[in-house]
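Each of the two complexes below includes chain A, the first together with chain B, the second together with chain C.
Then we have the complex of A and B:
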């Protein structure tokens, strides 16, 4: 259930230096999030599509992901055409849909999906552990990185624990319904999960102390910048600058 | 209750990021480096718990548990929730990078508020008080989160008002369920492992 769906692959994007990917993904996401004009946003969508094509991911999986995470956007579509002030375009009973409202709804939809596609192409194609180490190299506080890596490491273990507890409940004939019994059972399940995690953490900590843990997470991973990385970085920075220019012209 | 990428405006994103950074640095200051495994494993437990769907009528909702997260971790719920949201953004693309700050604040700030309001009360000897504050903690945490999400949306764009109102109303059943789950969970922890309650992972308490 919890797996890194896009992390393995042999594409150009998969082999890029993770530090470059993090930096460019971050700047790109910020620039797109702050853009509002259609020329800039359509350019962004095109760039994201190129990135996702380069990453050679299963289009079915990518599309499925996009559908799942567009929930809030769909929800806003119900309202925006009718609540945004502007010139009426068509009327639905007492409601007037405005041209501007629809334009705004399209704008946030394009924006959201352009950023998401870029995040899938750049971040989801890097294994979490590598991302953690790369963020460490980028001077993200050590303690946050450790928290990030440990949490990810133990999600799997605790998910198994959860699965076991769940199966035990099922074996005893538990059927979830809308009643207090169900909520109480789930609450005890969560409580048990927390208690077991806490006990496990104690054991982990002792084991780590035995192995000489002193609050520092050493890594053996070495990152090296290749010519391909430099080329990618230059192209991506120029593309982002181009988008900034287009957006700048649009608002002037 | 994640806000997606591309919906909010620059001032909201920047304010969210700044507030999140402040909360996280308070959290990290209070965190004993020795306690990283404990905090991380509890964060994983909350991550897994948030994948649990509980039925409500014909539909189902997933647990949020930011109230109980606050009770257990105090200010450390800021880094804990940041890490969980970052993992969700990378693994499932829920939320995103530019909204990471504001989403962290919307979930973690209510947790910290609940910690200050209820961490003493839930361990009260009188059962009524302890149970009532357990319910209030779960209910209030989700209520405040819904309000913060609604405020972020309205601040970004006035025409989100109706949608924002509906988000708060639609979360009323979730608040009740979270209240019940937190109530039972606190009662369970009090019996089984009382030392977990009360933000004991903060440095000064050890």
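Then we have the complex of A and C:
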């Protein structure tokens, strides 16, 4: 269901302390998202490429993910150049593409790809469970972590339930068409899924109570910071500061 | 004499999910220390409800529940009950909610206040005892049905309960896994109640079989296990077999 394609590996990045990865990825993403100058954004893209290379991931799979996200960005390229106020660069019938619009579209594209690559390199290389525990150590509220881990655990069960119901429908000759019968059947399917998920949640809660659950989620994992982690953290923070400096100079 | 060996004592318990259709109707039941009881009964006869009431997951509309000699009523009372009685749920997917096996087995001990290291040791010891060594890092949702059931059992046993309540432990298992569970349960010296439709399994693991009907629990004399246990209609009446 959720395949953690990048989570297993033996690279330097895979072995970093997950807390360091979360903190640096967060700061990095915020800085890149707020940057607007091209020098800073190109620097960010370069940093992300270095991180991806260090993580030694399958380039084919990484590219595939990028294609999926850039498919959405493509829509921006269709609309932004023609709707953004500014100096006309070329004309297509009644439409004027502006220099500013194109620059803005490039900016967004570079930003998105830089952030995405960094997140793949830093977060996708950590198993989801470890990520949850690391967030716990970083004092993220318990309730958010529980939501995160439970979603991961039960999305699979709910999907299986959906599959079972759909197969049962198919087995009785159901073929989706454009008619009320189809809409009604799908509404029943979704409704039944909701009811079942609710019931299951109740039973899970009961099972947890039976094992002494009282609202506090304890974890087994213990993390330790190595010299490599510290070195990585220092370098990454310096790089991010450098990017901030470049951006700051550009707007001054 | 009865007082100190009586573990579970239910008196005149009534319960219903919907008005006018009582599931349990003035049910009384005792479990003494060391007793191993099988519980049979048709679907919807209230077997699971009976377990939920003992664990305090549902509250009876009338009647009293005494566990370990103390009357239990409020959520607070049942917290102690849950530390000493282990309940295995019918659907292992309800029980296994942690991403990995080790974490799930350690969940109970952690809740009991053990340190992460102690909990890890207990979990590993329990897994070893059930022949599940090497499963600790497996992802719970990717286990097979039989593996899920065994791991669920481990999560209950890791809390070191005095009483074991199992809800259809052999349901949907292949013969090998069923045999494995049977062997594990035979080797435990706990008081227990097993709900099952599998009379062969009950005859191997319990001393006495009760039947549930009309919201009450009866000792079913016809189902006292003996060497050639079998079941069919009207089996309660005296009869002979031709072959």
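The criterion applied here is as follows: the second predicted complex is superposed on the first by the 249 of 252 C-alpha atoms of A that agree within 3 Å, B and C clash if a C-alpha of one lies under 4 Å from a C-alpha of the other, contacts with A are read in each partner's own complex, and residues count from 1 in each chain.
Note that a residue touches a chain if its C-beta (ideal position, glycine included) is under 8 Å from a C-beta of that chain, and two chains touch if they have at least 3 such contacts.
Note that the structure is predicted; figures quoted are calculated from it, not measured.
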Touching partner for A:150 - first (chain B), second (chain C), both, neither: both
Partner chain in contact with A:101 - chain B first, chain C second, else both or neither: first
Of chain C and chain B, partner touching more chain A residues: B
Contacts of A:208 with chain B and chain C, given as first, second, both or neither: both
Which of chain B and chain C A:186 touches, first, second, both or neither: first
Chain B versus chain C as contact partner of A:129, first or second or both or neither: second
Touching partner for A:141 - first (chain B), second (chain C), both, neither: first
Contacts of A:218 with chain B and chain C, given as first, second, both or neither: second
Overlap of the chain B and chain C footprints on chain A, listed as residue numbers: 1, 128, 150, 152-154, 157, 200, 204, 208
Interfacial residue positions of chain C with respect to chain A in the complex: 52, 55, 57, 79, 82-83, 86-87, 89, 91, 93-95, 97-100, 102-103, 106-108, 110-112, 116, 119-120, 140-141, 155-156, 159
Chain A contact footprint on chain B (complex, rising order): 2-8, 10, 13, 24, 28, 31, 33-34, 36-45, 47-49, 51-52, 54-57, 63, 65, 68, 72, 79-80, 82-84, 86-87, 89-94, 96-98, 157, 159-163, 166, 177, 180-185, 188-189, 192-193, 196
Touch list for chain A against partner chain B, complex: 1-5, 25-26, 29-30, 32-34, 65, 68-70, 72-73, 75-76, 78-80, 83-85, 101, 104, 108-116, 119-120, 123-124, 128, 131, 141, 143-144, 146-148, 150-155, 157-159, 162, 176-178, 180, 182-184, 186-195, 197-198, 200-202, 204-205, 208, 215
Complex interface listing, chain A residues touching chain C: 1, 128-129, 132, 149-150, 152-154, 156-157, 200, 203-204, 206-214, 218-222
